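Structure first, commentary second.
Going in written order, the chains are labelled A, B, C and D, and every chain counts its residues from 1.
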């Protein structure tokens, strides 16, 4: 990496180091009420964490909490530019450079400390990579690390990543998926036991907040690491409180029992938050997308599907769905109709991407042309006595998808398509989707900052993975391959957009909704900004002015 | 006494064994598999799933797994939770006290409410007050508990803002003192405990009213009045003591329902108890947790019966023999 | 026979025009219908009648223990030690019950609370009326248990009713009744439920305690035999009314009312639990449907037209006795126990 | 038959029980006549954007849900599920219970012991937990399976009652006489026992209906009963739960319907019980 690229980071870095020095010089003494730092952020969440060992945590609450306790080598900045190195700012690594096209060298911040006081060293980084890749740990992040051959320690503060090949998102892959873990606390535990070790119940990290306590089913508390090497966070504490019911969570928020909620999908609940004098809605770009994928092959991936094998029928169905109405009904005016398997948080998003418009008349014409004719008895279509009927698999755990399915069902009925719903509980749903045992499936994805994940969903290569519908298009494959290799975002964008356009044109799926992402945050918090992929990424900079503090801010 | 204990324990053992075997079979034979769920819309590679299955011995034949499970169980080892990555005993250890708190409070409240209502009705038998209270207890007996919970939450939590909506404590901002924390938990306890107690208490009231009525018509009550005892003493000491058995039996039988069957109320009020653990475990196919819940349920049933017997024996010396 | 605590200036208990009605599904039952009765201090008085005649309800009414749907009619009077019990406040009547005026119930099996210890049930009465300490009440309770002849009183006091035999239970009930040294004990069929040998023991015990404490006893029974041995005066009750009132000796010498005659002829048998009277045909009619005229007339061997038409009052027969029968006015009947008109009728019937 | 007639005559004398029966009959009629009575198609979504979450109005007496569906219509159609499952499961449970009871009552002591100890154990099984388990593990069980499950886990008390009754009847004179005359076992059951058992079984079934309706609604509320979009009262409450605080009528209406239905069944059950056994009258 050229120094010019690093300059802006260095200036910020010096400031941070300066702060850190100040913080470490000042003996931690009881703060007076008027002091600049202080405050408690109470986050309401509908689910408890499972395990606070980052490679193993599977639920969002775990990721949120681990995000504050642990740190990465470098942090993505808020525009989520995963391609250019300029999209990252230093964290545990205060700088990095590309030694050659497949070698990336990180220089650790010598002041970085684990919460137990032990310094963070290169060996920790290499150890962490090993843990994430260990088959016995079976981390779900390990596929994201496939392009990294190895990680080696050059000296105590220098760690080297070796890649199999050159590509623009090397820094992203090296830093984003893995949190650095404390080797000195974990290397005595057999890899197979790591996920279940006591560490996952009382983790020690190097992030801006240190773990305090966890009452199962009730809540988790972390407190500011006052001697953090990047400067202590403004807030004293962050607390997660589990409120399993969403409506109740919003009410608890309105009643002042909490300060923040990550997402409020329903319009009427957002209106209630808006009406509250204490709360503020902070919208941020959505990184979620939900879509109905058609199974192009027969059940269990055998043969060709009798309905969805036909591109025109798929197109008719897409045109028969009024996606805008679905989104309005589910989310109100703020909901978004996705342009493809992407979301506004990704840098490839564009409203200009080719899409099939809602056109029930054209849909009917297409179906007529393919021989699916309306029978007078009930207005449904059939061909040679076979009704135009299919089953949509969806998980009972997702309220939004169930609601959307009910809406789509009624819309398709209007063009003579009989869609049956098969709600399954999540484990069963996942099993059936992995077995490709379905006609159509209602998927939902939380997208990474990088668009490469799209390949898993619709690329031919992904057929082994989450491309459950077995969609295959050589045009799409070649366009995405070129996009991935494009050295800059400017070069990559048109390629991605074109690829998604082919997906739409082939009607691989009905891209139904992107839930609007709006956090509700109490007004007393200042400096609130939200990074769409990790809504708490900047929480260390949130603060509460002394005069606005509540009793719980103490 | 000894034969009684042996009989009870034998029944408890058979029941628990039946529940555990049944649960084990159901869970393992059912479609769906663990480790797929909980990934929140992210892809879990099949290799990962397979490795995790192996690490928990799920690739073994079912018979082998069962034998191993029972052997571990005999040693007091409930295994490890798949989804929570910790010993099942710890998972239950976190949830059980909460459930005991809620269930215990509900049990006490439902006894107080049921017996109180029964007395109030029986001493006013035939009056409009009896009829009104009877209608109330019938309504509460017939109401779906989860719906009653929602309505109580709507009225007292949302409209009146008297009580917190969900959860077990304020989590934060929690008062620092022990007394303050206790008060905080109690405030959260009110609505869920009340919901359970009203429904359960109504059932008790229906039986207790009849028992009280019978007791109040007995010769010994007339005799007690004839001795110049005050009405309060006659009703609360003489009649109540002799009429307690059905209420206690019913309360004892409701122990398992209050503790494991309160899934609905726990889910309405976000109470971090056994019901929720069981519910979540079932959906995550967390076999060890599910089976452990079955063990606990079996034990609780036995415990409930035992409690009922002890309670009845306490109230009625006639059954103390044997 | 006069007790030491006799209240001067009036009888100990005076019941006047006592009426108790029960509202039932079949109409109003007049269970007690104008009873007058007097008990002097220290004396033993008998109240005799078949079951269903209203004698137990009378006993309950005295202490206002008649329960819903029963009702003591307005105008009834019960004076005890100079006070009108029916007019007392609830609190005050409770102070009388079990204290100066005690009841012994018919069924020792059911009159004790099965779930409270014997001792506590005695102590409870003592504490209710005499406000002593707990220990004092307990001591007194044991004393009473010993007084009524319960062996091993300490152990029994902690026991329960079901652990005692029938006779022992009745002894306990007597102990409870006498615990506060009442001035009057109303004993309602105190021995009916017991077997013969025990009956005698219990009655002896009661007699002995009465002599000791000098209280008055109103002995309610269907068994004339019991009354004969230990009362001075007897009231005979039928269908809610007193039908005859007499000194015991006089009554047994020459019963006036045909019903009393029937009772005597019925050879009271101690071992007979059911009090059916073989000598009197038919049975006591239901209290909701007392016959018009003399209530006994349907069963009366001597009934004549007037009996059917007009209810006789309690008619004095000159020697201080009274009987509710038109025949009392019949000299011949008074002398022989056989009414004149019967003779006439018989003669008339016999003659063509 | 005459025993049933006697039961009916004594039942009829209880005004409040008759009122309960009237409500039950009305509910049954409403369920059967749902297509005629319902103001709208319970699945129709006239306009999920403009007409969602409408408060009660003359057009929608109970308002609309968030799909703009008419709550009243869904309530009427939901009655079919609640009443149908409740009645069918209670009946099936009563039949199974009666069968086992008769078998235990008439069978050899060994059979009797085996069956009754089995019932002892079964009564101690945590019913809700097992139902939850089975329905969650085998997702999407059709209504028939739900009915069978509810019945199979609910017949135990009935079997005890019937067994006691059979044992009493077995010693009764007329049964002994029939035996002496050489009546076969089945003939005995059909001719002499069933007429005597019928009232008790009917009472048990009626008392059970309310209970089962509550149980089914609870399972539906957990998302384990009838599949959406078909309405059942339990899943309607589930539907309304998320918006309880903004549109309470969506959850309130089905809950009230459940309350009224179960109260009515309990009134009928109590009335029948009292009619069957006048001593139990309160």
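We adopt the following convention: a contact is a pair of C-beta atoms (placed from the backbone, for glycine too) under 8 Å apart; a residue touches a chain by one contact, two chains touch by 3 or more.
Model, not experiment: these values are computed from the prediction.
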item: Contacts common to chain B and chain D (chain labels); value: A
item: Per Cα centroids, the chain farthest from chain A; value: C
item: Maximum inter-chain contact count - chain pair; value: A-B
item: Closest chain to global C-alpha mean, per-chain Cα centroids; value: B
item: Computed distance of Cα centres, chain D from chain A, in Å; value: 47
item: For chain C paired with chain D, centre-to-centre distance based on mean C-alpha positions, whole Å; value: 55
item: Whole-Å gap separating chain A and chain C, where each centre is the average of the chain's CA atoms; value: 92
item: Centroid spacing, where centroids are CA-atom means, of chain A and chain B in whole angstrom; value: 39
item: Chain A, residues touching no fewer than two other chains; value: 245, 251, 425, 428
item: Touching two or more other chains - residue numbers and ranges from chain B; value: 31-32, 153, 158, 267, 283
item: Residues within chain C bordering two or more other chains; value: none
item: Chain pairs that touch, as defined at the top of this document; value: A-B, A-D, B-C, B-D
item: Chain A residues within the chain D interface of the complex; value: 245-247, 250-251, 266, 268-269, 272, 325-326, 328-329, 396, 399, 402-403, 406-407, 409-410, 421-425, 428
item: Residues of chain B defined as touching chain D within the complex; value: 11-12, 14-15, 18-19, 22-23, 26-27, 30-32, 138-139, 141-148, 150-151, 153-154, 158, 209-210, 213, 256-257, 260-261, 263-264, 267, 278-279, 282-283, 290, 293-294, 297-298, 300-302, 305
item: Interfacial residue positions of chain B with respect to chain C in the complex; value: 126, 218-220, 222-231, 233, 237-238, 241-242, 315-318
item: Contact footprint of chain B on chain C as seen in their complex; value: 60, 63, 65, 67-68, 90, 94-99, 102-103, 105, 107, 110-116, 124-125, 128-129, 160, 162, 173, 176-177
item: Residue ranges of chain A touching chain B (in the complex, touch as defined); value: 40, 42, 48, 50-51, 53, 56, 58-60, 135-136, 138-140, 142-143, 192, 195-196, 200-201, 215-219, 221, 237, 239-245, 248-249, 251-252, 255, 257, 288, 397, 425-428, 430-431, 434, 443-446, 456, 465-466, 550-552
